[in-house]
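Across the two complexes that follow, chain A remains constant while its partner is chain B and subsequently chain C.
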Partner chain A sequence: MSAPLLHVENLGIHFGSGTDVVKAVDGISFDMQAGETLAVVGESGSGKSVTALALTRLLASPPARIISGKIEFEGRDVLRASEHELRSLRGKQIAYIFQEPSSSLNPVFTIGYQIREAIELHRPEVKDVEREIILALDRVGIREPAKRLGDYPHQLSGGMQQRVMIAMALACQPKLLVADEPTTALDVTIQKQIMDLLKDLKRSSNMAILLITHNFGLVSDFADRVVVMFRGRIVEAGPTAEVLRNPQHAYTQALIECVPKLGQKQHRLKVIDYAGIQ
Partner chain B sequence: MPESNNPLLKVANLKVYFPILGGIFRHKIGEVKAVDDVSFSVNKGQTVGLVGESGSGKTTIGRAIIRLNEPTSGTITYEGTDISKLDAGAFRPYRKKIQIIFQDPYNSLNPRLSIFEIIGEALEIHFPKMNRDDRRARVADLLDKVGLKRDHLDRYPHEFSGGQRQRIGIARALAVNPEFIVCDEPVSALDVSVQAQIVNLLQDLQEELGLTYLFIAHDLAVVEHISDFVLVMNNGKIVEAASSEAIYENPQHEYTRKLLSAVPKL
Partner chain C sequence: MNTPVITSESYAHRIWRHLQADSYARNGIRIMILLFFVAALAPLLANSHAIVRVADGCVTFPAFESLDPIEWRFLFYVPLGALVCVCRHHFMSHPGRSASVLVGLVVLIELFIALYHPINDPSNDRDRPAEFKLMTPIPFSPTETTADQFSPPSWKHLCGTDSTGRDIASRMLHGARISLSVGFVSQGIALLIGIFFGSVAGYYRGWTDIGLSRFIEIIDCFPTLLLILVVVNFTGSKNNIFCIMAVIGLTSWTGIARLVRGEFLRLSALPFTLSAEALGATDFRIIIRHLLPNSLGPILVVGTFGVASAILMESSLSFLGFGIQAPTPSWGDILSEARRYIDFAWWLAFFPGLAILITIMSYNFVGEGLRDAVDPRMKVK
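For the complex of A and B:
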């Protein structure tokens, strides 16, 4: 197999020190190939978002400390990279979309301006920036994109704002897109639209996507492989279909079962029995 | 809807319009028909689910019932009395009977008040004769009931997780012994695993206390699970009303089918 796009080995991230230390990420390892989609599934506090931010060293330190392990992107050591190297990594190689689109966009600039900023910074070779912005908005399904350039974020709905975030991320042509709970703040109908959009992008480009979510329901027809995190550790990893069909770890089973399913009305929803999980 | 002769709550031809202001004198130049001629009823001990997308008007209905929004026209009848036109004093007894749980457990709790103060405030208003020790005992009992620890009494909201805060919101609603609770997207901001815990808690409390719920959400899977009867809303109107089984097995309206297809399949 060729060298992986992303290689994470024995990564450990602590918050605080002494007796108050919190082991947010406790020795995790995983690889991602170019063009692959990987889902990291876990509850709030499992360390999944902290892992995502660590990939480009976006964690504020202090309080966070990366205490062990290796992160390699295309063979380059991220943990030893200079500030200058990190700047070329962030956005250009690894782009992010976050949970709350309304707080990720700057409210005082138009969306055209914000996408222009990203392109001019990361792709100085582009001559016709305006055309590139319109193409980016068009790709994420925004109708009549040329007329939308002067819109401010508050003029758009949550789903449209998230499309703009994705357009901005894609405009830099990253090799890896990290989608950190991209639909959690959205209605289920808009969630479906955004997930369908990500699916289309996955098919039409060779971009790898790291999807971070608490909802196993989103994973099934999206990710090639899935990693399940619980209290800073990876408790299970494997091809998505296999993990869903035959989950090995009690926590994975519980996480799958607690998703309410249409047409299978139970008296009570299954909840996670934390006492029974190692 | 299974017709009952005397439903606990009956909403008839409810309209809630919001004015659009414009021009230099901010006069009315149009209106948003948030709720446009909606009728339904809720029987005692039942859960009626109200499902629809953002902007469909479902939250406005919930808020109109507890008079956080003033209805433009129509009636809201509770135990035979039209409560939609009562003045503040006459409505006060109904504030005790009808409570609400909000969507966002982060913004609906005052960060500067302790849990005792947050839950105790309602007791102070509605049970003025209760002394402080009795109030503390009552709040501790409520924490117990919603699955929190009795000694969490003097903590502040920031010390709790999202799911725990929603439990505090539920305890606050229960404090005045309500009969009817408007649950306005109570699980939408929570992890699916925590969502399951809160949904189960609401069902347990319903069985124990005989509560009646109007359960508002955008996720049809959750609504189908908890509700006896489901109302589907789109653009201020109810487009389909049926038992939760029928909604899933035989959806009539195109919009209902769209909501069904949006639910992630495992």
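For the complex of A and C:
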């Protein structure tokens, strides 16, 4: 097996100091291969978003401190990288899309301008930037992209905004796309459209995707492998189909049970019983 | 492939359209532009020398000959600036060529000014015989004394004359330059300092913020007017207009710094800052290209109000006798003289007071219009 694209080993992240420490991430390890799709599943506060931000050291410190472990991207040590190296990693190698598309876009600039910035930052060799922006918008399924360039974020719907975010992230042709709950703020039909779009993009490019979600429903036909996080630890990991069919850990079982199934009558939604999980 | 047409308008254009829709702001802007041109062209509006004079068969331009380098610069650069504004689309589409043309023009203008020696001729062209002469609309220079002392407003002296027979209308036109340039320059200084400290404190937070905020509070504790009086006293005879501008600017930036800090604290917690950081932007780029444009609205608004208060501050200083030195006219200076003769020479206080009132009001109207216009979510009426 070749060297992994991303190698995370025994990563520990604490918030605060002294007696008031919160162990947000408590010694997790995982690998990602190029082109692979990995889903990190867990509830709020399980440390999934913190892990995602730590990959390019985007966590504000203080209060966050990375106290142990190793993050390697293509063999390079992220935790020891200089600010300059980090900036060439962010966006260019590892791109992010976030939960709230409406506030992740800068409200005073047109979307064309914002995609242009991404291209100018990391691909100075591009001559016809205008054309590249239109291609980027076209790729994420925005109709008549040339007419949309001058639109401000508030003129677009949530789904369109998220497409613009994806277009921005992909404009630099990153090797890894970190999608941090990309559909949580969207309604269900748009959710499906965005997930379909990500699936298409995954097929057409050799980009690895790290999908962070609390929704097992999104994972099943999207991710190659699943990592389940609970209270800052990885409680279960494996190929998606296997984890879904035969969950080992009580928390994973509970999480899968929580997803309501079509055609099944339930009087009450399942609630996770924390007392039974360790 | 066709170059795409960007259909939506720019942010600046939106603001402009919004301001035009607001009648108070629209008239405020008109008055501001009018005052600006009056200030820039004052020597051609009120001068004891003729614009054109034909005598003994030779044509001379005495009004131009008496201009000093700063007045020449006003005369050249104001039309040049207006030209650039009007033809900006043309300039944008040929950036290289227009830049070289502009640099060439600037070099020519500076060369002319360097080689030019103003003729200081104390006599006037009003009474001097000539075959043809075209006087300025107000044929008196601001520092020229005449025999008509305390003459009330009349067709000869539109706003009357003062104790030494100087024409108040002429002094006010020339005083507009002092008042306006003090307003703009000192507020420019205050904006630069305020934005710098405010953005650093608001973006980096933590100890940087604590340190800078305490520093701002210390500066805020000084009684501004007393501080200015002390500084002006120290500079003594060198006490010139630039000194006044610098002192007003250096003491009035704290409000701007606090505002920018607050805006940056709010904005840097929003996801788009994180997303710019995740894109690999430098701190400098995030501050300049992402956070600053987002806080530009409130900054512009306080800046506009600040210009008004700086004009008022200069008037107060001149009124107290610590402002611009004696022969140079300024609105506050005329008011200060009026104090002694207020019981019979009402015009000495009325006209400069009115000018200050109108200027401050127009700045405040524009400031209030801007406050609504800068919000991109607001619909244009």
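In this section, the second predicted complex is superposed on the first by the 278 of 278 C-alpha atoms of A that agree within 3 Å, B and C clash if a C-alpha of one lies under 4 Å from a C-alpha of the other, contacts with A are read in each partner's own complex, and residues count from 1 in each chain.
Here, contacts are C-beta pairs under 8 Å (C-beta built on N, C-alpha and C of every residue); 3 or more make two chains touch, one makes a residue touch a chain.
Keep in mind the model is a prediction, meaning the values are calculated, not measured.
A.B. asks: Once the shared chain is lined up, is A:105 touching chain B (first), chain C (second), both, or neither of them?
C.D. replies: The answer is second: A:105 touches chain C but not chain B.
A.B. asks: For A:154, select first, second, both or neither according to whether it touches chain B, chain C, the two together, or no partner.
C.D. replies: Second partner only, chain C.
A.B. asks: Please indicate which partner A:121 is in contact with in the superposed arrangement: first for chain B, second for chain C, both, or neither.
C.D. replies: second
A.B. asks: What is the contact status of A:91 with respect to chain B (first) and chain C (second): first, second, both, or neither?
C.D. replies: Touch partner of A:91: chain C, not chain B.
A.B. asks: Per the contact definition in the header, classify A:48: touching chain B only (first), chain C only (second), both, or neither.
C.D. replies: neither
A.B. asks: After the superposition on A, what does A:258 contact: first (chain B), second (chain C), both or neither?
C.D. replies: first
A.B. asks: Given the touch rule stated above, what does A:225 touch, chain B (first), chain C (second), both, or neither?
C.D. replies: Touch partners of A:225: none, neither chain B nor chain C.
A.B. asks: Between chain B and chain C, which residues of chain A are contacted by each of them?
C.D. replies: No residue of chain A touches both chain B and chain C.
A.B. asks: Which residues of chain C touch chain A in the complex?
C.D. replies: Chain C residues touching chain A: 1, 3-9, 11, 206, 270-272, 274-282, 289-290, 293-294, 296, 376-377.
A.B. asks: Any idea which chain A residues touch chain B in the complex?
C.D. replies: Residues in contact with chain B: 43-45, 157-158, 187-192, 195, 214-218, 220-221, 244, 254-256, 258-263, 265-266, 268-272.
A.B. asks: Mind listing the chain B positions that touch chain A in their complex?
C.D. replies: These residues of chain B touch chain A: 53-54, 161-162, 191-197, 199-200, 203, 218-222, 224-225, 244-245, 248-249, 258-266.
A.B. asks: Would you tell me which residues of chain A are touching chain C in their complex?
C.D. replies: 56, 58, 62, 86-92, 95-96, 98-100, 103-110, 112, 117-118, 121-122, 128, 130-131, 134, 146-147, 149-152, 154-155, 165, 168, 172
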